[in-house]
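Sending over a structure as structure tokens; questions will come in a sec.
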Amino acid sequence: MPSIVLRITQPFFDIGRFTMLMSSAFMSLREMGTYWQNFQIQLVRIGIDSIPIVALAAAFSGAVTTVQTAYQLVSPLIPPRIIGAVVVPSLTMELGAVVTGFILSGRVGARIAAELGTMRVTEQIDALEAMGLNSIGYLIVPRVLAGIVMLPVLYVAACLVGIVGGIVSAELTGVVSTGEFIQGAREHWNFFGPYFGLIKAFVFGFLITAVSCYIGYYTKGGADGVGRSTTRAAVMSCVLILVADLILAILLL
Amino acid sequence: MIQVQNIYKSFSGRTVLRDVSLDIQEGSTQAIIGQSGSGKSVLMKHLIGLLRPDQGRVLVDDVDIGTIDYQQLRKIRRQFGVLFQGGALFDSMDAFENIAFPLRTFTTKTDEEVRHEVQKCLDLVRLSNIGTKKTDELSGGMRKRVALARAIALRPRYIIYDEPTSGLDPETSNTINDLIKGLAHQLEITSIVVTHDMHSVLQIADRVAFIHNTRMHWNGTVDELHESSDQILRAFVKANEYIIAPRYSSNNQESSEATQ
Amino acid sequence: MKLPNELKIGLTVVLAGIIFYVGIRFFRDLPIFGQASVYHTELMNSSGLVTGNIVAVNGVGVGSITEVQLTLTGAYISFSVQDDVTLTEGTTASAGGFGLVSSMQLNLSLGPPDAPVYVPGSLIPSAVQSDILTDLANRTPAVLSRVDTVLAGSSQAISAATALLAGPEGQMQQTLTSIRNSSDALHAILMAEQGSLQSVLQGLEDLTDTAEAFTEDSLGTTTAKLKEVIAQLSGNLDVLESTTNELNTLLSSINQGKGTLGKLATDDSLYFELKGASAALRRILENFEEDPRQYLEHLKLIDFF
């Protein structure tokens, strides 16, 4: 086949193979009992171990959003409590989920691709299969499920820390008091906001882990191939997060 | 009994196997030899259904493993033990856990029984005291032996060795060859050895299949191999002896294992 | 201490769940553990209320809107209210807020506390949809009629006084008391109503924030109503002026008299009170007539006046 045709068909080939991989993973769900131990390990690695870095990023997002919102509110007609009304929905609807997603793309996506890629090139995946084990069930299902479960948890942590970060920076810079900040947030509380954020986190959790698993699982070549997979997983996760973010916003808002 | 019937396999337009057939008798030790990239590893992967042929069939006890569903295939795979080239030890586990892994996954044995079984496997591969070592702390020969212990943990009917001696110094190679021979005898196992190491083939094999240029070029017993007048086969065997010769002169186990 | 994975995961997930729940309750200003009861109401016009808007009693948030549905006759709104707020019969609901800076809210005007209680799930009647203009038109005549009553009482008393000037001195005392009472009452009412009139006009000013709601028709109606109100006030002012004049005459004739009449003459606070009261009313009206923009400065369409 000429290379131009391959280039055009490659994305469809990937989408097809990804879909097949995910449906195999879905079929393996009933064997979940066998992989319970693995699932727990992944919950800790993907979720709990990520809390510190997610919290750090969220705290700074909250603080920066607060300070910048205050900076842009030059009109004396606009009460400062509007800062709370801007920062809190920004965090719950957008930043909380997206910042968490980006952090996890780098931290978890790259790690998954490197792990599975190494297992592929050192024939560990073949070894699992040769033993009669379902490698997809054993390796991919626990990771994707852990992502789906833990991303919403991390999202909640990010929102909490982000809002606290916003309040702290508001107090430190003196742009608005805590009371006013919260009053503003309450006045403009968006009922759907946190649920929207939760849905996003859920989708991102699936995308990051599933795509990284896919890329890692089908790694080719030696150490070089693992390196390429790792980079690709992190980049693809980020791109998919942006695309999914936009699609979800269009569909749900 | 494993029967390979006229299989063809190609990857993105490049043919790797062309009309390959092979019968592997129960209880025998079958060597599959050929140059690197001749498709012998691809043939090996067909035996356990890791790859499916484009044409032709692979029968394990008269069951076509190319057409059965995944769950049945997994049951058949459990009759196989595979020693992969690099050992393919799970690096998330230590040596003991690697060997215990199939036992814990597929049997309902208690921890005590598992420990006992692992020890038995370690005895069979003549290893001791490696239990809690990380896989990357093991030397090349030990890795292969731990991987072998893992492969035989479930007492398979067939065991496949993929380049069992590659990357090992001659002394360790001999140990592994002895192990393969011993296991075939002790466990009454059918062995399939994929290798380009003629020395090892001559030591352990009953029958030899030579794959050359994607085809099954020659197939027969070891005795027949000695008497064969096939030019290509003779060239391959001879070339191998040249490669083997200088390796025998090296007694430095450490340096040869370091390249593993 | 090394926690087992199960425990770590369990704690994290449960904690996240609690934070999510408490956070939402906190920002919705709902009690964290108390249960909120759900009620319904049907408004002719939801005025842009959406799910999540605050439900307020006297401006205090007590719950939030849980659902807004379109019906054939208006908007069916479900809302939750904290359990410590009891809605009694007579409670009405209406949409409020100006939607520009602050969000819309559902205002509840509570019924009398001793009335029977609405159980959760009941349909709370909507308040008769009244905007500030109708309010103005409705309230002003009420003020005027009260002023009228007092004025009538006072002119009656004054005419009686005039008639009694020729009479025996004993009845003089009674008449003067009557006049004093009337003028006191008039003063009080005018002071009170000055505040409420001003707040009505203030409301009109606020309303201009939502000037997009105006159509030319409604502006015409408003103008007509305002003019009517002003005419009524002027009419009443005339009556008051003539009454005051009468009183002036009365007072001058008293000044010319003797005895207890002399006492009345020295008590000039009565006179000033009456005069002050009429002046207060006059000031409001003059202000409004001279420069309506002072009260309606943001209402651009006022230029059509």
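Read from first to last, the chains carry the letters A, B and C; within each, the first residue is number 1.
Simple rule for what comes next: contacts are C-beta pairs under 8 Å (C-beta built on N, C-alpha and C of every residue); 3 or more make two chains touch, one makes a residue touch a chain.
What you see is a predicted model, and the numbers here were worked out from it, not measured in a lab.
Novice: Which chains, if any, touch chain A and chain C both?
Specialist: none
Novice: In terms of CA centres, which chain lies closest to the overall middle?
Specialist: If we average C-alpha coordinates per chain, A lands closest to the whole-structure average.
Novice: Using CA atom averages as chain centres, what separation in Å is found between chain A and chain C?
Specialist: 53
Novice: Need the CA-centroid distance for the pair chain B / chain C, whole Å please.
Specialist: Result: the chain centres lie 94 Å from each other.
Novice: Just the number, please: Cα centre separation of chain A and chain B in whole Å.
Specialist: That pair's centroid distance is 42 Å.
Novice: Show the residues in chain C shared as contacts by 2 or more other chains, in ascending order.
Specialist: As it turns out, chain C has no residue touching two or more other chains.
Novice: Once bound in the complex, which stretches of chain B touch chain A?
Specialist: 13, 45, 48, 50, 70, 74-78, 80, 82, 84-86, 88-91, 101-102, 105-106, 154, 160
Novice: Help me check something: in the complex, which residues belonging to chain A touch chain B?
Specialist: Per the stated touch rule, the residues are 1, 34, 118-119, 122-124, 126-127, 129-134.
Novice: Mind listing the chain A positions that touch chain C in their complex?
Specialist: 40-41, 43-44, 47-48, 51, 78-79, 88, 149, 152-153, 156-157, 159-160, 182, 185-192, 194, 198
Novice: Within the complex, which stretch of chain C touches chain A?
Specialist: 5-6, 8-9, 12-13, 16-17, 19-20, 23-24, 27-29, 50-52, 54, 61, 64, 101-103
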